[in-house]
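Next come two complexes, and both contain chain A; in the first it sits with chain B, in the second with chain C.
The block that comes next holds the complex of A and B.
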């Protein structure tokens, strides 16, 4: 088999070919998690229980698996798929059909430009090959990202205009004006970061953060401005004038139903995800582990040791993979056990109520508690094992390859490191996504003139001053690049 | 009592730059989220269909007709309730009672629960404590509109054991704790 032989001979290239399909698919798996976070998070903030009823019965056992409300994604999907595909007779058909696809398309394209793991150097015959952490490798990644991101306004504008309804048009006009205004301060606020790093390449920006400190500590003002602009870009509270449901029904998607409505919703959540990932990449160190170096004791001879401040960068991770894996697995295991403890609390609470289905729920809660504690304990055992027994050595090289200074590791080390880094990015992304949700359920909507005033009179000025100061400081310290 | 929140005359500098106030708000909501996540007792809701609410007795729920010790309705078909009813949902047809002390009794007593506004005026109007709304049946479901028109049989379909002992009127009905006593009085003509 030719294909099989090729795959065996070129494992890294094969992974490089699979990634463009795998990463959007993985992101689609994160999406339901985000929706769950939004729903239960909103409920918890408002002292409610939140959606928790949809269940799958397990035949034979009488058990009902509710999966913490996760199944609502499925039921919603089924509901929206089978709804009548209604098109209002007064709509402008072609744009009406096109509009919902635009946010989803841009939302799926932008992750291609974000670095999900550090570039991997590998031995390719007699040369060194590099598997980049982004799907599209370009030195102007950030520009392309903003170009794609600003395209999403077309979804809103086309959708609202082609619906031919006043409410839609109002929502679309508000949204387009707002998104375009905030794009100005967004671009200006991120420029400070670019000036300091001296590159448009997102991988380099992350790499710089891994050896200096995270962007949010270098550029706190720029970070805040960028965060606020991202809220506006995503049409999220307090900037959700596009669909101010208390004022203009549903805003730009008033006339949409069924799958087309679902596409708009998917686009919105994809945008939150991408915006969070972008925030994590630009200002929270992307796949880098820590914003500061760790003190390490290095032996300098007999009985003496010296403290070295070591950045936990990719090469350090690869050299100490066992330890890093142990910390990651241990933390996940503790989180899982904590979750099992929470479920046990819910179980005790439910036992105290006079419920008709008490036994059923008791068994279900017991199942969750058992499964999560077993998983957590397994993770902690795995952490101990990897901490004790996992040691990694670079491949020794001879001849022409020895001239390269980068250490090359066996494939599995690269794979585990990439997976760890991917999880770090996703973890930071989820934290920012929670920030989006948290803010949404805290703040009221701004009035439209307040939004415009804030955007043009306040944020633009702060962004300009910040840029000026950053430019002077960067020139004075970095000597200018 | 409505709580009057005074409007501030002017916002201070820190309030005007939003950020401090925003963080205060975020802290509040995070506190609620934390409590809801960690403490299941924190929720002020009940798991409704599985856990039924504990309604108080004076909650105005579905009606019932009170019974005499012999099981006949206490209602004397005086039409007070249907006159008082603002929704005009009580439909009574009177007939002559065999008991000459009473004169009349309802041949038909229907309440259309879909029209009823559960105001309780009928209970207040009744001179003989014959109609009450203390069944605690707040959730009424049916397949068609006819199901919501409840008649005499349905209105009198209740058991004294479901009502507290202090409720002497209910306990005098057949099967109640005070039934034997009441029946004697009924037979000797001193019951009212």
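The block that comes next holds the complex of A and C.
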């Protein structure tokens, strides 16, 4: 009973206690989406059909649900879980078992430092409390993120060394040398952004971007350098020297099988996810909606109005929640209807063919078309409803709290705003993740010496010059201290 | 004994990190294989950074992870990996040098115990600890003439590190770039001097 009373009295604190469990769980749900995106993206770029075989039969209806290849994740999981958990007899046992856990651990810790929504100010008795958008609130958030990132190299190093195989060792040495090299240009390229904002705190960096413009427009060179360094840090193509089927078999995970291999793969996709989220946070405005202010007409008297350039920041969202929700839901609904239309087109294609399983597939596609149409129409109806009927007012305050400059809204407004902002971050993250996949299946891989030359002779120098110019400009414009 | 939950948790975490530091340090001393010792040393660095954070210096803790655990120990592990000898080479746990090596830590331990026993317990006021990133920056880069001038030391250390890097490059260049013929000629020339 005491617990329920406490939860009722402290709703925001309860949410603050739940979030550290909820956000990693939600990110684990994004992970299979990323794998699906990679599979379908690869098939799309290579003009293949892609994953289309695994299905769940629904008895009685004759339907087969393939869920666009999503079931391949499940079959992969089952396959890897039930494989023999083979440990080579020549391996250095302790580190062989430890290594796969390191990338997963660092990949799960780093999201705790990213701001997923704007800090929420709430009324806590006679005081103002703040629920931060990050799970760990520290003034040196970005540094801690880089520190954890630099620890993830140990997974590759220890895994390759303890396998006690020449291919593993070669892959691990190439990968670790590359990751150490690109950490230098990664740190230097992000310093320009930090100089302009004047803080290591990621929430402040996002807040600055919400009132000036996105980082990629302020620091285009730094953004490109950081993007390339992130590719190298994630061991993604064109920097995937850690493995190479034609040269060193599987690279650092040659001797790994089953669940241990799966953990390496999970770590890699987690790193892609975290790198995309970091790019979205540092250079694409994080949870902020737009990189520019919107013109708003404000009535100044009878029949006259004035144009005010308004940033769509968190408090504007909270004040105009109905409209923002209408736009977001409407866009999602239109996307869903477009998707349904796409599948209807596929179905029409099938109707003209004489494939063996034509009726089966047509029934499945009809189900998808119907479901997504209903979902999309529902979303658009919700958008219209929220645009017409949803109005938010800040809580009126008395006494000492009235002096607090920031408006405070009821709990449901905070919750809806946080969910919208979380979706904005995840949306930008998925766009960057698609960039990772796009590059992987488009560009050929670099040779090892080319990678080292690019890292030390080109990117490091550009990053240094960029930092110098940024420092001079920031001092000249901002004054600095 | 504990005034609040924060204090209780702080003490518990301090005990945890201190124990981890001591255990890992013991592991460094007692392991026979160099890579075991290196990984134990990483453990020491990580738990030390936890203690720094508890003492009100999150910046120092983060730098400890970034520089020592992330960069320097990475290089140590890398070198052990590259040296093929390390794989089968196991050193004896104790030898004659251990006696010499034991004296210094024992002396430090005696001094620490003496200091702890004869001074009053102090508490840390987080507001006064200059461990956050802002106070460190303002202290270090205080450019006023009356300031401590730490920035000069900082720049000088930077130059020193740069000199070390240039020296390392020069040493490596002499071995890598010069073809054998030139090497012989150089030695001849050296002999003439």
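Annotations
Keep in mind that, in the parts below, the second predicted complex is superposed on the first by the 480 of 481 C-alpha atoms of A that agree within 3 Å, B and C clash if a C-alpha of one lies under 4 Å from a C-alpha of the other, contacts with A are read in each partner's own complex, and residues count from 1 in each chain.
Quick note on the criterion: a residue touches a chain if its C-beta (ideal position, glycine included) is under 8 Å from a C-beta of that chain, and two chains touch if they have at least 3 such contacts.
In this text the structure is predicted, and so the values were computed from the model without any measurement.
When both complexes are superposed on chain A, chain B and chain C fit side by side without a clash.
Of the two partner chains placed around the shared chain by superposition, chain B is the only one that A:443 touches, whereas chain C remains out of contact. In the superposition on chain A, contact of A:46 is made with chain B only, not with chain C. Once the two complexes are laid over each other on the shared chain, residue contacts for A:357 go to chain B alone; chain C is not touched. Within the superposed three-chain model, A:349 lies in touch with chain B and out of touch with chain C [touch as defined at top].
In the overlay built on the shared chain, the residue A:246 is in contact with neither chain B nor chain C.
When the two complexes are overlaid on their common chain A, residue A:161 makes contact with chain C while staying clear of chain B. When both complexes are overlaid on chain A, the residue A:126 reaches neither chain B nor chain C. Our summary of the superposed model lists a minimum C-alpha distance of 25 Å between chain B and chain C. Note: no residue of chain A belongs to the chain B contact set and to the chain C contact set alike, using the contact criterion stated above. Of all the residues in chain A, the ones that touch chain B in their complex are 41, 43-49, 224, 342, 345-346, 348-350, 353-357, 361, 438-439, 441-443. Taken in their complex, chain A has these residues touching chain C: 92, 94-95, 138-140, 143-144, 146-148, 150-151, 153-154, 157-158, 160-161, 164, 169, 172-173, 176-177, 180, 183, 200. Listed in rising order, the residues of chain C touching chain A in the complex are 35-36, 39, 42, 58-59, 62-63, 65-66, 69-71, 74-75, 77-78, 81-82, 87, 132-134. Interface of chain B with chain A (complex): residues 19, 22, 25-26, 28-30, 32-33, 35-47, 49-52.
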